[in-house]
Amino acid sequence: MLDIHEECGVFGLWSPKTYDLARTVYYGLYSLQHRGQESCGIIVNDCGVFTGHKDLGEVGDVFKASVLDAIGQGQIAVGHVRYGTTGATDRKNAQPMVVNHVKGSMAVAHNGNLVNSYDLRTELELAGSIFHTTSDTEVIAYLITRHRLTTASIEEAVSETMKEIRGAYSLVIMSPAKLIAARDPFGFRPLCYGRQTDGTYVVASESCALDAVSAKFIRDVEPGEIVVFDRDGGRSIRTHCGEEARRICIFEYIYFARPDSVIDGVSVHASRVQAGRILAQDHPADGDVVVGVPDSGLDAALGFAEESGIPCAMGFVKNKYIGRTFIAPGQSQRENLVHIKLNVIAEAVRGKRVILIDDSVVRGTTSKKIVEKLRAAGALEVHLRLTAPPFIAPCYYGVDVPDAGSLIAAGHETEEICRYIGCDTVGFYDPAHLGALLLHGGQSLCTFCSACFGGPYPAGQPAHTGKYRFEQKLPD
Amino acid sequence: MLDIHEECGVFGLWSPKTYDLARTVYYGLYSLQHRGQESCGIIVNDCGVFTGHKDLGEVGDVFKASVLDAIGQGQIAVGHVRYGTTGATDRKNAQPMVVNHVKGSMAVAHNGNLVNSYDLRTELELAGSIFHTTSDTEVIAYLITRHRLTTASIEEAVSETMKEIRGAYSLVIMSPAKLIAARDPFGFRPLCYGRQTDGTYVVASESCALDAVSAKFIRDVEPGEIVVFDRDGGRSIRTHCGEEARRICIFEYIYFARPDSVIDGVSVHASRVQAGRILAQDHPADGDVVVGVPDSGLDAALGFAEESGIPCAMGFVKNKYIGRTFIAPGQSQRENLVHIKLNVIAEAVRGKRVILIDDSVVRGTTSKKIVEKLRAAGALEVHLRLTAPPFIAPCYYGVDVPDAGSLIAAGHETEEICRYIGCDTVGFYDPAHLGALLLHGGQSLCTFCSACFGGPYPAGQPAHTGKYRFEQKLPD
Amino acid sequence: MLDIHEECGVFGLWSPKTYDLARTVYYGLYSLQHRGQESCGIIVNDCGVFTGHKDLGEVGDVFKASVLDAIGQGQIAVGHVRYGTTGATDRKNAQPMVVNHVKGSMAVAHNGNLVNSYDLRTELELAGSIFHTTSDTEVIAYLITRHRLTTASIEEAVSETMKEIRGAYSLVIMSPAKLIAARDPFGFRPLCYGRQTDGTYVVASESCALDAVSAKFIRDVEPGEIVVFDRDGGRSIRTHCGEEARRICIFEYIYFARPDSVIDGVSVHASRVQAGRILAQDHPADGDVVVGVPDSGLDAALGFAEESGIPCAMGFVKNKYIGRTFIAPGQSQRENLVHIKLNVIAEAVRGKRVILIDDSVVRGTTSKKIVEKLRAAGALEVHLRLTAPPFIAPCYYGVDVPDAGSLIAAGHETEEICRYIGCDTVGFYDPAHLGALLLHGGQSLCTFCSACFGGPYPAGQPAHTGKYRFEQKLPD
Amino acid sequence: MLDIHEECGVFGLWSPKTYDLARTVYYGLYSLQHRGQESCGIIVNDCGVFTGHKDLGEVGDVFKASVLDAIGQGQIAVGHVRYGTTGATDRKNAQPMVVNHVKGSMAVAHNGNLVNSYDLRTELELAGSIFHTTSDTEVIAYLITRHRLTTASIEEAVSETMKEIRGAYSLVIMSPAKLIAARDPFGFRPLCYGRQTDGTYVVASESCALDAVSAKFIRDVEPGEIVVFDRDGGRSIRTHCGEEARRICIFEYIYFARPDSVIDGVSVHASRVQAGRILAQDHPADGDVVVGVPDSGLDAALGFAEESGIPCAMGFVKNKYIGRTFIAPGQSQRENLVHIKLNVIAEAVRGKRVILIDDSVVRGTTSKKIVEKLRAAGALEVHLRLTAPPFIAPCYYGVDVPDAGSLIAAGHETEEICRYIGCDTVGFYDPAHLGALLLHGGQSLCTFCSACFGGPYPAGQPAHTGKYRFEQKLPD
């Protein structure tokens, strides 16, 4: 039960007809809500005139029927859900970003993180640019605008921009007449597209959003590829393809993505079931039942059960009403958060040796309480198996991993962790076996980024990670 | 994936010390939210002075930190979550109901439905009573008040009132100095109590709410029993016990209650797993995977898999962000509600013969779409198995079953239903085997009410079901 | 610039046709908003079925277009605005109160205060009644309901009730088929009625509300009179008329009522102009300009100017945007509330001897600051003249006068007050001349209540002013 | 009772100490609320880090205590209230605008309208600039940023920018260490500054806002002047002073500004009283009473009364509760808006010949209803006198005058207007006497702009008034 956040989900539509497509984006964003709950936005393009709405909050809070109605009709649209890192919870950073430039309006929705945005921004500022936000997205918008002065099309300007920006980016860009999807040459973050029966093209971070709007999945946007949708249909620009080795974020499979999504040809669900199988091989345990921690541990529990022959059980109920409005208990209350969020089904674990499948251990405090609850409900033994290797390094490509100081795995041996959590044994997923999570037809389809688990940083690290000058206090 | 509603959940606290117990009630109500999402309320008693708040909306919407803070401290409290039948969505019907009478204030929280409230109310009106609401609860409050004029204690007044009211009621009543729990002699609705380590007594509709506030379960309130909590501890009044045969609502086990609750000694989870087992015996099917429809079909799928030896699979992802603010798609959208709420994990069902476990079929439209989605994802066959017998009759004891006209099972044979839904075979749970759901130590512990499945009405039917005169328009 | 509050304004409509009359009530309440800003409500009667809405807040906050639309159509309606005394700011006390009883529904809107409600309520409680609120209105509703059991009509029940209740009450009552207006035999609070051109009867606390809805004023409801509006037109029941000498609250003319209202035949505006004239006679001053403190001092300033021959000037601007949402300055701010609410027009007072006309002095702090501001703007002298006599006693008939402890006039001589406020001279209105405020055709039309200025209490004082038992904490 | 709107009010603070100055800005904006009710904002600078809030709505709606608290402490701040022209009611256009550029952050608050912003913006776009809003303010921010690359200070960049922009602008600009006030060389819009006793400098559109925060008025910012406040105190840059002849908007005195403000040395109140006097000379009338239409006609009525010797009367009550939430009556209601907003005090006009003083006639419909109401209340004659000359031309300098098509004065002779409105005589203020409104010590102090009354356009007219390309729909 991780508390780690992806930064964004993107969505876009290009339709041959005019209708109230904000509602379609709305349903698409509902399906991507797990990728960001802090702010969201929808921008609709009616023959070049952009209208829309964005605000802090989840999709259901920000978009009431009256708001959707007010957005009106159009032919192209983009949407975005966002999780912002602490301190930047600001309405002005909500996306998609709309800017007006020499060629009319442009909307940009971005998932990922650049490693050279500080330098690019400084360069732009020194040339007289002004910035309204602190996001990488505004840097990207500026670069496209600059290149647009000298290129014949927006897609060329995007291609030129891709020569300058470095890092993780899955972009959906809307110009007065086009919808453009672009993915960085490493392909860190997912991006795919499909088509509805009436000819509307749909672009989304995950295939589950295509399903939600009844669009048939066509294919993933490839690393480095730019796909353009307009009156002439869809077409691909592959100039940047193959520039880099494919490096999909392995954590998309382990934790972020929805299990019903298929990313780069690999089912997220299948990948998690496979993680359970590998765990059963690498870290077997004598147990009576296999119990997954909802939601992300449930798929892996099936795999562990299958491989080990130990039956799967439903050991927990998760309170599905706890959302952003929930007030966490303070010190004066004896109950604690885990009690309210997650309850043990005593009947399922009483008198049993439990093999507990979870995704990861961050600080260790939640796992400790879950183990306590299992024992209190009568579990005889608890063997914790984790579908992720230990987190030991920061992510610079769009995931908000806590500081090493709060990562229990960064400073402790497995035995120490086991003792702290209070379980009988602990087994982490072996980093050497990560490739097995991406099997397709028996072989591992693609290479991946596992920098947070100690792997290399494919796109390098940022030269400057400091604050911008307007975020620093002057000497008084 | 039923759309049938229970009417209420109740919660109460009696504490030997003074503290901000509204927060504890808040967590308790969060755990009972599945019993009613339309309105909720908390009333706190500080040495006889009652303060609180109630409004339309879910617990997280109605109770912000500032509201909880404003309620302040106390020693006794009651809480309520409510689902109101259509047309009565009115703030004034939110509970707990607070009234002031000759002995000070009284708060009443009620789960259930009386069959003779029309007559009792008319009688009271003819004696000069005025009513602010349309709820049974106000009738109960009046009767207690009247009897309180001639009885030595509030609990005696409650006992006298129980002689007059007929139907389903699990009550939590707060007087200036006492917390009282009372359950009708049939025991239609659940009610139990427990204790926190500091001596605070907790009463709740379901044991999962005791777990949420770290209270140790003591026992169920028995049918006909009145339990009183005050400075002298807890004590039981059993005058009405044994008046009637125990008749717990079987649908609490099949659908309403949370699987981590234990009601009248039987684990709800175990009961559902057992339903799956019995289905596998009564309606076996040749299949490759057993897939439960979340959330209520998941437990039964485990039982079916276990009994049949066919492996369980995770076939669906339910969108957990869809709540009360969600705007359902209109006719102009091609997507439909089921697509957005529930997506198939194609990987898990492709090329397979699926045994689909759901709780019930009401109108049949949802099941039809689920089956379509499974087939579109590549399922070869779909065999639907339902953990409830066909709904054929209305409930007068607190469940809002749709009119017979919209119940597909009320007018069609199983084969017709199968054809309409589009699956290969359909198997309903056999009403004759309902007793098997309430096993404890190998034998069926208690008798039950199954009126909605064609069984008898233990407490009779209401003589008047019409509108009150103030709800009817006069001839113009 | 007084900070003293009336408790209510009432409004009612009876129409021969069916339409969305909630909107008409809405406009009526806007015109009575000065009589109460804490809560408001509208109840509409459609052939006996009552719907409506009430909440804390001003009319414009509580009634949005969607709320008015939801209330729907009808033939009869009542509305209410309320100022509640501190501590009872509770949504449940908002009016009109709707109750259901043996004859259907009844809505009651009340302006005033009873002196024997404590006793009446206790009596009702001892007979088994329950109370949902702490207001006198519920007592009145109960009594009418009780009498309705034995009377042939609601108006007879109202007449019987008037035999029991004592104090100030202007009531608007709605039954399934009738609208009833009733005023206590002393006539403490105003109440009048008129008619729209289509035959709709309108009842209101003040005639300004008739003007707002284009109803032609017919006449005041007389002290002790009951007026009934139904299909047979309007008719009067005068059983209680003449029981007591007329005692209109003199403070309605001095401060509460809107200057465009005419109450009991006397124009409020004319009464205030007259107050200025009398002040000029009783407390003349050598001055260069007469300046009224907005809003209530402006009319009297005209009278003082006219009588004295000294020209009137516009000395202040009042900030018209300051409403309920305004956040008053704390201690850390140098500005103070009077600065922001009221600014001096320096041009009008610089180098002048100012005769300052205000309604009253309560604590003295506001007057002190106003005088300081005038001097800072260059006024040479400031002579304060007040249109009210000194407040020295509490009101039991519906006005929330502060405790004697905070009334500067209750414990200090005029000279001390003058010194405290910092003006050159102070002149209070002479209580002996109050009759001159109610001139009509040269003679004082009616007798009045001036208990708060030291006059007798016409309806006596309450025997019990204490809290009800449910508002008192029990010994712990 | 005009319905014409100014576009903005600006406010700024520079303090030698650190405190929660958002509250001071809040009170200042309350005093400028009459200059714009559509959106507002406050930005606070804490040693170079800018935080703040802005949104659609009035000051009291947008700034709750929690919002002000969240803004926190600082040393410099700017605030803004805005009225936006129809169609641009968009949260993103709310001011102050905050941008980040090469020198840190900058906030800009602007009152006025440029005539060459279309051209300047196009030029910037062709150089690769992107725009987030449609406001002139962003153009100004860009130009300052560009010049800042080559100037030694922000004030020099402002001075360079003033060489390029043309039109009306009163600016308050905040840099990391400075507060800057700048006024266009014509001085179309007011701007002044003062100082609090602790050394805090305060800049505001009108002097009434200095009064509200207890700042002592120092002087008006002169046309073309730039005033800089920082650690070295305040200093003036007068490079652009004298470039153009002073052209204050005469309508500020007639209608917009608050009567307690003093602009360019002339009291607004005195100016209005003077307008009444001149009207009495130019358009005398035989009448019994002079009645001003609140609020803006009241000052002039005093002047007319004084000059004519005819007594002034209080003829109207304006409903002070009608604000932005008020729902105007639809066609189905018999009442109309003027009835509810403004009621006649019949006592004051009955049987009298009324001289009615109002500010202007726009469409004529409101005046027509006011005259009807006076006659219905018994006025024998109504002589309308208007303190503004007829509106006949659009304003390009910041006032939203309706199209000529809806201006009754633009197409009709005075006699026709008189007949339409239904009064006995009408007299407009003579444009030739406008100079008399700006008397100071007996002589007219300054020249003014009266383009809307047919005078010349001092800063010319815009070359392009069309929509930007991103606001136009493309051919489909």
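In this document, chain identifiers A, B, C and D correspond to the written order of the chains, with residue numbering beginning at 1 in each.
Following the convention adopted for this analysis, contacts are C-beta pairs under 8 Å (C-beta built on N, C-alpha and C of every residue); 3 or more make two chains touch, one makes a residue touch a chain.
This is a predicted model, so every value here is computed, not measured.
Asker: Give me the chains shared as neighbours by chain C and chain D.
Answerer: none
Asker: Roughly how many whole angstrom separate the Cα centroids of chain B and chain C?
Answerer: 48
Asker: Distance-wise, how many Å sit between the C-alpha centres of chain A and chain C, to the nearest whole number?
Answerer: 60
Asker: How many angstrom lie between the centres of chain A and chain B, each centre taken as the mean Cα position?
Answerer: Distance between chain centres: 36 Å.
Asker: At which residue positions does chain B touch at least two other chains?
Answerer: none
Asker: Which of the chains touch, listed as pairs?
Answerer: A-B, A-D, B-C, C-D
Asker: Within the complex, which stretch of chain D touches chain C?
Answerer: Its residues touching chain C are 19-20, 23-24, 26-27, 30-31, 33-34, 37, 58-61, 63-65, 68, 196-198, 208, 211-214, 258-260, 262, 267, 269-270, 273, 295, 298-299, 302, 306, 311-314, 316-317, 319-323, 325-327, 329-330, 332-336, 339-340, 343-348.
Asker: Considering the complex alone, what residue numbers of chain D touch chain A?
Answerer: 18, 46-50, 98-102, 104-106, 125-126, 128-132, 134, 141-142, 145-146, 149, 176-177, 468-476
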